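Labels run A, B, C, D, E, F and G following the written order; every chain starts at residue 1.
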Amino acid sequence: MSPVNFFVLSSLLFGIGLFGLIVRRNVITVFFSLELLLNSANVLLVGFSKLHGNLYGEIFVFFVLAVAAAEAAVGLAIVVALYRLTGSIDTSDFRRLRW
Amino acid sequence: MTANFLSLLFIVALMLVAVPPITYLERKVLGHMQQRPGPMVVGFHGLLQPLADAIKLIFKEDIIPRGADRLLFMFAPSFSVFGALLAASVVPIGFIQAVPLKSGLLFVMAMSAISIYALVLAGYASNSKYSFLGGMRAAAQVLGFELPLGFAVMAVVLLYGTLDFNEMVKWQQEHGWGILYQPIAFLLFLFMMVAEIGRPPFDLPEGESELVGGFHTEYSGMRFAAFYFGEYINIIVLSLVVSLLFLGGWSGPFADKYPLIGVIYHLLKAGFFIFLTFWLRATFPRYRFDQMLSIMWKIMLPVAIVNVFVAALQVFLLKL
Amino acid sequence: MNEVFFYFFAVLSLVFGLVAVTSRNIVRGGVALLGCFVSLGAVYFTVGAEFLGIVQVIVYGGAIIVLYLFALMTMDFATLKSEPIKMAIVAVGGALALTTSLLLFVGSSGIAESVKPSISGAEDIAVPMFFKFLLPFEAVSVLLLIATVGAVAIGRRED
Amino acid sequence: MGLKNGVFLAKLQDLINWGRKGALWPLAFATACCGIEMMAAAASRYDFDRFGVIFRNTPRQCDLLIMCGTISRKMAPIIKRLWDQMPNPKWAIAIGSCAISGNIFQTYSTLRGLDCIVPVDVYVPGCAPKPEAFYEALLMLQEKIKKEKPLAVEDEVRNS
Amino acid sequence: MELLKKVSFVDLLKGMRVTLRTMFKPTVTLHYPFEKEKPRSRFRGVHALKLNPDGSLRCEACYLCATMCPSNVIDMEMTEGENGEKVLVDFTVDLTRCLFCGLCVEACPRDAIVMTDIYEFSQYSLGKLVLHKEDLVKFGEYYRKWEREANE
Amino acid sequence: MGKEKADLVLNMGPQHPSTHGVLRLILELKGEKIVNADTVIGYVHRGVEKLAENRKYLQVLPVFDRVDYVSASSNELGFVLAVEKLLGIEKEVPERAQYLRVIMAELTRISSHLLWLGTHALELGAMSVFLYAFREREKVLDLFEEIAGGRLHTGYMRIGGVACDATPKFLEELRDFLNFFPKKIDEYETLLTENRIWLSRTKGVGVIDKETAVNWGITGPTLRAAGCDYDVRKYYPYCVYDRLDFEVPVFDGGDVYDRYRVRMEEMRQSVRIIEQCLEQMPEGAVKIDDPQVILPPKQDVYNTMVGLIQHFELVIHGIKPPPGEVYAAVEGPRGELGYYIVSDGSDKPYRLRIRPPSLINIAIMPELLKGHYVADVISIIGSLDPLMGEVDR
Amino acid sequence: MKYVTPELIEKLKSTFPKAVESVGEFRQEVTVTVKKEFLIDFMRFLKVDKDFQMDMLVDLTAVDYPERNPRFVVVYHLRSLSKRHNLRVKCWAEGEELPSVVDIWKTAEWTEREVYEMFGIRFLGRELKKLLLPQRYPYFPLRKDFPLEGYEEPCEVWDWE
């Protein structure tokens, strides 16, 4: 199997993630886009890992997973707290620096 | 490859075919535990009861409530069946195994994590408050039981040193059943299994008397039946897994020479756990939502973690 | 055979990913994201990264998306405004995304070797992870711990 | 439609009717006295489960409305709504004098019977009827279901 | 001790023992359409008009049962006979409203209206639930046979 | 801190598996926690009090069977006692009738508590207890059918006595029942009393303390679970309760669990009372000998002219108590069941008021539910044991 | 049922010489009729006085006498759990209004609502909603001039609220 497959998949995923990140103003969707970006990196890592025949890339994916989980936990906590305060999850509503 | 494909067909067929008799058996067992006979009239001793139920459900009007998220509403029940069937495909029954995965146990856990989405999405999509609460409970329940389940499994995995079901059985054939080494993990796993398939005393997402029907309040006809299929396939799969993990799977006298006997052993052992779920349903009240979570987090999780250390100690001391 | 599966799941994951970021309904978006991650898990399977695929499904499917959905359910959907979409932003975002992916693609292509699928189970991954990469592993676990504590601290309201 | 086709349809019809009458799931709903007898009928001594009858709590999964007890006018719109929520095909049994005609309670606040709001298939007199009478009504309803033509288009029903 | 109890799941196992033991007990179910239990002798079922041994009606149309009935179930129609006595033309019992309280039986001074042990009387239509004289007399025949059996 | 904001309004009932019929609760939830609750009742309001004003004393009796359909005999007894008090003949009712009344009332209590136990357990998920309780309840209903002819609506009491004497078969079956029933109570208790799930679901849930309970006018097992020993049978004995030796179970937790224990203990005490009644019951008539009040024996009606005339008189003109007003109460399974009758000297009650124990017991519910979880709602409703027929009348 | 002793009635009369309209006894049941303006004081006294200690309001209902004026009499059944005695207090509802006793006994919370919807007697100083019938129901069913079968009322009265 050609590694190009992985490059294509990864770059397209990255593009989709970036698109969402720029266009959407819904915080949750922005988080979704972030997850997609992380995953595009994962795909590439797995591809290279199999390409080189060692498992370091796969191990790196683990670390990415852990970071993603941490990001989701903290991010969601912030979003829920913001929602409680403002009643909105729209990024354009979060303008003030303090309440 | 062909053998694998045949096994896959066999297992899927077995799962789908086994569900109706199990519902029948459940009604019979429950009935007798309550001094009543259960289904009696449709067919000899009610044997055709599941068939009648199925025919009725197939030809029942299918309602999608107004205001529901149509796509997710239609899609959610199939999640439950697909997740359960995927999990079933990696579980060996005796010598029959469709997909010999290296990390089979983990795959089963992953798939059961997926099938919980059926409940959550059904609860969300129904646009009914009861369903919604049911869905919330399902989501919270996942967060509750996944961790202790993981740790309980971790203990036995440490002991066996593998995630492959076949290796596990081989280990147990050599050293004796896992329940002898890890009784606490066995108990924990039983509890979590009941919680995972959502049976009493942990049938909170359904919560018949509190939430009317929980997540399936708004479902009728075949979509409702699909939930049942998923639930019962899950019961079968997890019963098979418990007997693999702790009761030596297909090991037993003569099982080496005649693999078919092994299959029967395995099914019998799993049958006991299926019976156990009926038994629990007949006997126990239901936990409250917050109590269930606090049991999971405050009792089960610490016990499971300590148990992992115990398992490590066992491995260290016994030089297994 | 594996290649066919790879293409199938890759396309599936892309479609789901696109749905996830463009869907108006956040819950549907979440489900699409789940589909995307599961198909990515299947993609890993096709090259033999079996353990990783399962972990992907467990972590993303079993934990992260459930967390998202759970948080979403505590919000009142009626109050969530539907966002107005400005074509200018869409155009700029699309262009930017396209160029970036093109750049990435161009930059990484040109490798002649081919990928050799080999099955990597738990043990294969565990050995280098716990010996060679022990320090990063510990660091990541500390990060997770801090994240958990932080999430709890933020989530708690001052009653 | 050829003869063979007709026979096949007739057989299929029989099968559907058999399934439907073998798995009647009533709504676990009662307003008054007869509801207690309904519970008794569902309990061990009589055991509704023998006939494949399982009580469902949500109207979406029900085929049968067993109306037990007095229907007050305040309750009537709700019962109508429950009936509308039930998916087709559905049947209704009026148990006891209250559900048939309002019984002795011919007062300012009671409805004169279930058939004011819902088409009733079987009427069971009694106040409260013995649990056996519930079974008789169920058997009568099964007889009625047997004669139905679930696959027939409406014109055909009109012609026949 | 408390802890031991908790850990050993005694409380739960005890309950499970009860259900398991019950499973092997014979069922208490009455298989209704196949086996029927006779109601007790005082059971209040569908009404009947009793007949004299010579086959004539015992009812003298005194209206006491209709007066006593709290639910206005009973109605009768009569004409004057040849000798000036009242002759019952029709006697209706409207089962749709009946309470089955038995007060009519108590009120009857001639022991003419009685309650049988018939409890299976479901109908497809409301009209059949209004019993007329002929039905009541038919039930009266049944009652006579039943009474004789009870006396034996 | 002020009123918490609710984020979900849940409309529980009228059709809901565990609202005991047609109670409707409007719950304002925050997560699964209730911040505000409201009760809507009246879905089986049948106008019984109005109906009673339009029926004669003799005719109205069957209606009260249907008011509290689970404890028909207690309701009849309350009404009958009130009318007898109005007539001033409560001392003249024959003793055998009094004992039979007590037996019926206590059997009713058993059957009502069994129904309560079954449904309450079913609501909390213990399915078998429901069916076990109904298994024994069938035996009680058989007894009712044997002595009175009706399973639910016994129609056994009469003003001035009871409808008919007990048959020998009834007494025999009753003795059998009393022999095996205590064992069955033990069986229920093994399933529930020590069960940790049951304990966690019921202990400390829905606590009502004594002062609150008295202030809200709560009676019956709910009051006794809160530590007050009020029981009409002990405080103001009617029938022959002053001659019987029994205890009133009192617990002082005031939570759902204690209400459960009170009811279980009450069933045991009921068995004891019935046993004593069977021992002490004298032979003799079961109806007062007064043709103004009760229909003369059938023998007299068929054979004597006097009897026939008295019979006609009573049926057509009915009982005519003197003008006045009385309040008589019995201890029903749910609490003090009172009948307040105002008579203007005619054959119909001028005003008849039933003091429904359930109505007054569940009035506290909106207060009580606050701060509990949705799952607790059902256990609290269950423990208060409201009967909607009686609440709405 | 034990009712309060004559001495206690005397005490009542001496404490509230103007309030007590009449004292009646029928079948050993004592009924005290109280003037409307003294009702709350009288009730509070009955609750806190150490000789009475009427800590439980057993029942609250009303009787309609259409030919009299005022037309309705509200009947309170009081009980002392410690002294074990009862007392029936009556109060004629002049102008179909009475002060509410819900502050003294919570039992009145629902029973007053019921009396309001059945008779149309308004209790002052509290929120009154219909209890059993729909909020839009226009009649008061337990009044004597209301027929048993009721009047025709528009259908939407019964609609689910």
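The definition used in the following text is that a contact is a pair of C-beta atoms (placed from the backbone, for glycine too) under 8 Å apart; a residue touches a chain by one contact, two chains touch by 3 or more.
Every value quoted in this text rests on a predicted model; they were computed, and no experiment measured them.
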{"item": "Touch-network distance, chain B to chain E, counted in steps", "value": "1"}
{"item": "Two chains joined by the most C-beta pairs in contact, as defined above", "value": "A-C"}
{"item": "Most distant chain from chain E by Cα centroid", "value": "A"}
{"item": "Gap in Å, rounded to a whole number, between the CA centres of chain G and chain B", "value": "60"}
{"item": "Approximate Å spacing (C-alpha centroids) for the pair chain B, chain F", "value": "45"}
{"item": "Approximate Å spacing (C-alpha centroids) for the pair chain A, chain G", "value": "69"}
{"item": "Between chain E and chain D, distance of the C-alpha-averaged centres to the nearest whole Å", "value": "23"}
{"item": "Shared-contact residues (touching 2 or more other chains) in chain D", "value": "43-45, 47, 50, 57, 74, 78, 103-104, 107-109, 127, 130"}
{"item": "Chain E, residues touching no fewer than two other chains", "value": "12, 15, 18-19, 22, 27-29, 31, 39, 70, 99-101"}
{"item": "Multi-chain contact residues (two or more partners), chain G", "value": "133-134, 141, 146, 148"}
{"item": "Of chain E, residues touching chain F in the complex", "value": "6, 10-12, 14-15, 18-19, 22, 28, 39-44, 62, 64, 67-70, 99-103, 106-107, 109-111, 115"}
{"item": "Residue ranges of chain A touching chain C (in the complex, touch as defined)", "value": "1-26, 28-29, 31-33, 35-36, 39, 42-44, 46-47, 49-51, 53, 55-56, 58-59, 61-63, 65-74, 76-81, 83-84, 87-90"}
{"item": "Chain F - residues contacting chain E, complex", "value": "55, 58-63, 65-66, 128, 132, 135, 138, 142, 145-150, 153, 155, 163-164, 167, 187, 190-192, 194-197, 295, 298, 301-302, 308, 311-312, 315-316"}
{"item": "Residues of chain F touching chain D in the complex", "value": "14-17, 21-22, 42-48, 50-51, 62-63, 66, 69-70, 115, 118-119, 130-132, 134-135, 137-138, 141, 151-153, 388-389, 392"}
{"item": "Chain C-facing residues of chain B, complex", "value": "69, 71-72, 75, 101-103, 106-107, 109-111, 113-114, 116-117, 120-121, 124, 132, 135-136, 139-140, 142-143, 146, 163"}
